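Shared chain: chain A. Partners: chain B in the first complex, chain C in the second.
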Partner chain A sequence: MSAIIRRYSTVVTKADLWADFSKRSASLGLKDAQLKEALLKGVAATDGPVSITDKAAKMRYASTPGMQPLFETAHTYLQQRAQRTYAAIERIERQISETTDAQVKANLLAQKNKMAVSAEQHNPEVKYTAEYLPENLDMSQAAFRHYAEQKWNNYGKMLLMERLETMSVIPDTMPTLNPEVDVTMEFPCSGASAVVPGAFLHSSTTMKPPTFTIQEFKETDNQLYTILIVNPDTPNVETNGFNTTLHWGLTNVLVSNTDIKVDFSKMCDAFGNNKHEICPYLPPVPEKNLPYQRFAVWVFRQEAAVAVKSARLNNPDFDIREFAQTHGLTAVGAHMWRSKWDRSVSAVREFYNLPKGRIFHPHRL
Partner chain B sequence: MTGVNFQFTRGKRNKANRTRSPATERVLTQLKMISQRRKQPKLLQVCQEDHIRHETITTAFKLYRQEINANRAKLLLKQYESIKYAMEDLEQINSYLFHEANTNQKGKRFDLEMRIPTEYPPNQIWLHDYTPAEVAEKK
Partner chain C sequence: MSLFAKVSSARVAMRSALLSTTLISTLRAALPATVIPVRTATKKAAGSRTSMRDSAGRRLGVKKQDGTLVKIGDIIVRQRGTRFFPGENCKIGRDHTIYAVEPGYVRIYLDPFHPKRRLIGVALEEHLLLPTPHFAPRVRRFGYAPIERAVDAQAEEARMLKQEALQLPEQLAAEAAKRAQDAARQSVLALQIVAFVELPAEEQTLAGARLLAIENQLRNGRAIADAQSITSFDYHFDIRHEARRAGIAPEETERLSQQYQEMASKVDAAVSFHSLTFDLIPHMSATDMEAAKAQLVEQLRACVKTKKALSKDIDAAVVFSAEERALLKRDYLSEGIAGSVKVFNKDTRKVEVIDAAKLGFVPTL
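On to the complex of A and B.
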């Protein structure tokens, strides 16, 4: 092993880029000094690892011997690469300030973002934070966004697409989706836990409007979004079919990389007025003896602020595709849940002054 | 293995409560030794810090190898381009030499009788400044 160290330590010289926070964000370093020491200098044989809390397990733990010289060589080598990347980023920034062409500028910005990821993604402190301290991720940093996106790509995104496609929300509402943002939804009565896409929710849970988080993975500060909740399963007895109902609509919702919460109660002024809602929240009130209803949440990215002509919003059949087209909206994220008739539906109807529900003939096979 | 009693006994196994014959036990032990479960590598249980330290080392080595391989590929590409241009020039200058340089040398082998076959090659391949002793005397 010592031969390997001797061989490769000739290619690196000392560098301490990742210990310097004068130009880099402080969130890229570990706040816990003990943990930082254990990560960079090795787990002390006397104290045991900081990440293990159980005292007996701490004492029992034996770290791999001979790791420290290898780690130091690797750490220095990676820092040197990062230094070269930072130099390249500076060069790109100069080019960006010089050019006037919008297309060239966009390409350079994309290149810069990629380099910002590669400059920090192998930093052990960043890696540790991304892997083991997910609640501390500073989403204004490209490297953290990269790790968050990877995690979402591997599970959340696939789960969402599976649910949307197997339950035919695609193509019953919008034709298709290329998910770019991570949307989570929470109801005030759902016990402060995020709803899994496609879950069955009780009508008492969905009585009050939900709150959302919209996580962008590319760099954004003032991006506007439109959020629509539609139900493509409203029964239409005349045509013996189903209509689409708009249950809730919010436009010009401002979200950035760090401020991702969409909480409607905070958008209203003291009199309950706001300029985001295009139609008031209509809670799910499924009819008795009918199959479950799907509630699709669609999140659209806006080019600019939109003014919605609310002429149609109460029309029995809402055309979401036409709405998106006329307002120049691009679908970037979605969510969904399902509801069936339950004993709380009548109470919800009463609370919102809705007409009494109909009872359909039970369908027997 | 027919007729083996697989009934489990409560508590620690000993001679008093054993349900299988010693011969069967021996066969079972031998089978357990070669079972698939034993062949699987044991999961390394390292703490979070050591895991990230290990990842850092392997990533750095991977990137270092990538750098070396990329440089080598760049050099080989340069050499190939250079040879290609040289051959193009040769074709323009002398088509006979170009043809000779490009003929397939399949079947051509190194003459085995050029040297005596040995197990290991000598440290000194040949005596490049050899002069016969008698000739030196005559002078």
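On to the complex of A and C.
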């Protein structure tokens, strides 16, 4: 090991790019000075690492002998590499400002994003923040977005796709989905916490509209979204089949990397009037003895601001595919929940002045 | 050569030519002339191990041809092993029998996702072909019928599973208790708010309800601004639907909404909640809050400083012996430890768990 250190010590000269926040965002560094020192300067034998909370385990901890000089060498080497990457980013930025072709510009932006990740992703402070302090990540930084996306890819995205496919939301609503944004949903009026995709929700929980968060992982600014909630399991007794009902529609919702909330303070004015609604919220009101109904939340990226023709929405069989196509919408995220008849459905119907629900024979014919 | 000899030699030649063509004849020719086959008297006493074991035919085969109309449960194929696999709207039995689970028209088809399988499915409509295109919505039959007689429907609606019936009283009691608790808390808040802000008597109950809702949101871990916005939205949403039910004019609803919003902004500007005890506290602006925080931290720092200085004074004082110094530090400057500690009691000869705060010093174990 000491041979490696000696070899690199001669090659690598001191660089402190990652300690310089004049051009870089302050969020890329650790705020806690004690934590920062422990991370970069090694751990004093008596104090132990900050990441270990158990006192006994902290006392027991011993760093590998010779680790600190090796760490410092690697740290310097990585910083020099990052410095070269930052120089390349500057070149790309100049090219972006010179070009007028939209396609070329988009490609350059993607390239720049990739390089911004590689310049910071091995920074120990960034890595530590992404790993141990994931609540307050600054999503305007490409490196943090990269780590957040990795985490989402490994769990949230897979879970969502599993639920959408096993419960046939795909292809019963939209043909398929390549998820690009992390969508979360909650029903704050009922005091419920974030919903796991596919969960069964009580009708009293879903009585009032939900709120969402839409997390983009690519660099976005002023991106507009459309959110539709559809139920492909509305019974149609006449045709002995099912209709798709539009339960809620929001258009032109503005979301950026840092402002991800789609909550009431964003959607509504001071008197609770929702300015993004294309149809008022219709809560799930399943009828007794029928199988569960699926409620699919689809999040679309808009190309531009959308004006919706309301005639389409009154159709008893709402065609979400046609809607997406005519308004130039690209599905980038989804969520779902399930509802079944319960004893609160009648109260929900009463609240919304809906007709009394039918009662079905318990056995399928 | 005589004629007989000629004929016999020709016959011999012909025979030998004939015999040479078959294996048996060659073997026979190879036999010595002295071996004479003898038939001994034999009688097979029992049948062979494999004879008499052929069962009657199992009547296997395709029972409903492609395009045949079938009912639910109709057997389409009887087979050994899976010559055919169950496709859409079909299932496979224990003996690989394929039967219909939906009424419709039999289709024998191939699926590009399973190129080596022949599938049997049931199309719900005569004009439909299988497999259904991969990205197209599934064609589903509803199959339930509503109960027409009002009396029967009412009875069916009231019907409960045993588990639900058993849980109901407990659930109702819990709900009633929560309502009572909320009502009590609301009246307390309505009384307390008067101390912070001047409100007309009719607005006090409304303010109490708002504060209760905010408190519940805060207890769910929400930020104060979010809690306030959700509570406002909830009220406006409720009142709009209430007006729709009761047929109240929209102007009246608007007036009520406005009135509520005025009250809300007054209350929000006057009070906030203690983050630990959830008691009402006077509202503080963010800058005031930061200033107060900084002041308190400064006080704590000064406190620790004086303690350190005193410790130095005791050390420096010439009047104390070493023992007295230790006692003084133990009694007045000990840091103490939180929680419970184990102490060996010499009298009872047992280890006792004692509250560290009561002890006042760190015991040596």
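Methods note: the second predicted complex is superposed on the first by the 354 of 365 C-alpha atoms of A that agree within 3 Å, B and C clash if a C-alpha of one lies under 4 Å from a C-alpha of the other, contacts with A are read in each partner's own complex, and residues count from 1 in each chain.
The rule we apply is simple: a residue touches a chain if its C-beta (ideal position, glycine included) is under 8 Å from a C-beta of that chain, and two chains touch if they have at least 3 such contacts.
Small disclaimer: the values here were computed from a predicted structure and weren't measured.
K.L.:
Once the structures are superposed on A, label A:Val50 by its partner contacts, choosing first (chain B), second (chain C), both or neither.
P.N.:
After superposing on A, A:Val50 lies in contact with chain B but is clear of chain C.
K.L.:
Count the residues of chain A touched by chain B and by chain C, then name the partner with the higher count.
P.N.:
In the superposed model, C touches more residues of chain A.
K.L.:
Just chain B (first), just chain C (second), both, or neither: which does A:Pro124 touch?
P.N.:
Touch status of A:Pro124: first partner only.
K.L.:
Should A:Ala194 be classified as contacting the first partner (chain B), the second (chain C), both, or neither?
P.N.:
So A:Ala194 meets neither chain B nor chain C here.
K.L.:
Have a look at where A:Val306 lands relative to chain B and chain C in the superposition and call it first, second, both or neither.
P.N.:
A:Val306 contacts neither chain B nor chain C.
K.L.:
Look at A:Tyr132 in the shared chain and tell me whether it touches chain B only, chain C only, both, or neither; answer first, second, both or neither.
P.N.:
Only chain B is touched by A:Tyr132; chain C is not.
K.L.:
Could you tell me if A:Met67 is touching chain B, chain C, both of them or neither one (first, second, both, neither)?
P.N.:
Touch partner of A:Met67: chain B, not chain C.
K.L.:
Which holds for A:Tyr352: it touches chain B only (first), chain C only (second), both, or neither?
P.N.:
It touches chain C, and chain B stays clear.
K.L.:
Output check: A:Arg81 vs chain B and chain C. Expected answer is one of first, second, both, neither. What do you get?
P.N.:
Touch status of A:Arg81: first partner only.
K.L.:
Quick one: which bits of chain A touch chain C in the complex? Just the residue numbers, please.
P.N.:
168, 171-173, 175-176, 188-189, 191, 193, 208-209, 232, 235-237, 239-242, 263-265, 268, 270-273, 288-290, 350-353, 358-362, 364-365
K.L.:
If you look only at chain A, which of its residues touch chain B in the complex?
P.N.:
Contacts found on chain A: 8, 11, 35, 38-39, 42-43, 49-52, 61, 63-64, 67, 70-71, 73-75, 77-78, 81, 122, 124, 127-128, 131-132.
K.L.:
Inside the complex, what are the residues of chain C that reach chain A?
P.N.:
These residues of chain C touch chain A: 134-147, 153-154, 156-157, 216-217, 220, 222, 225-226, 229-230, 232-237, 240-241, 244-245, 254, 257-258, 261.
K.L.:
Can you check the complex and tell me which residues of chain B touch chain A?
P.N.:
Counting only chain B, the residues touching chain A are 46-57, 59-61, 63-64.
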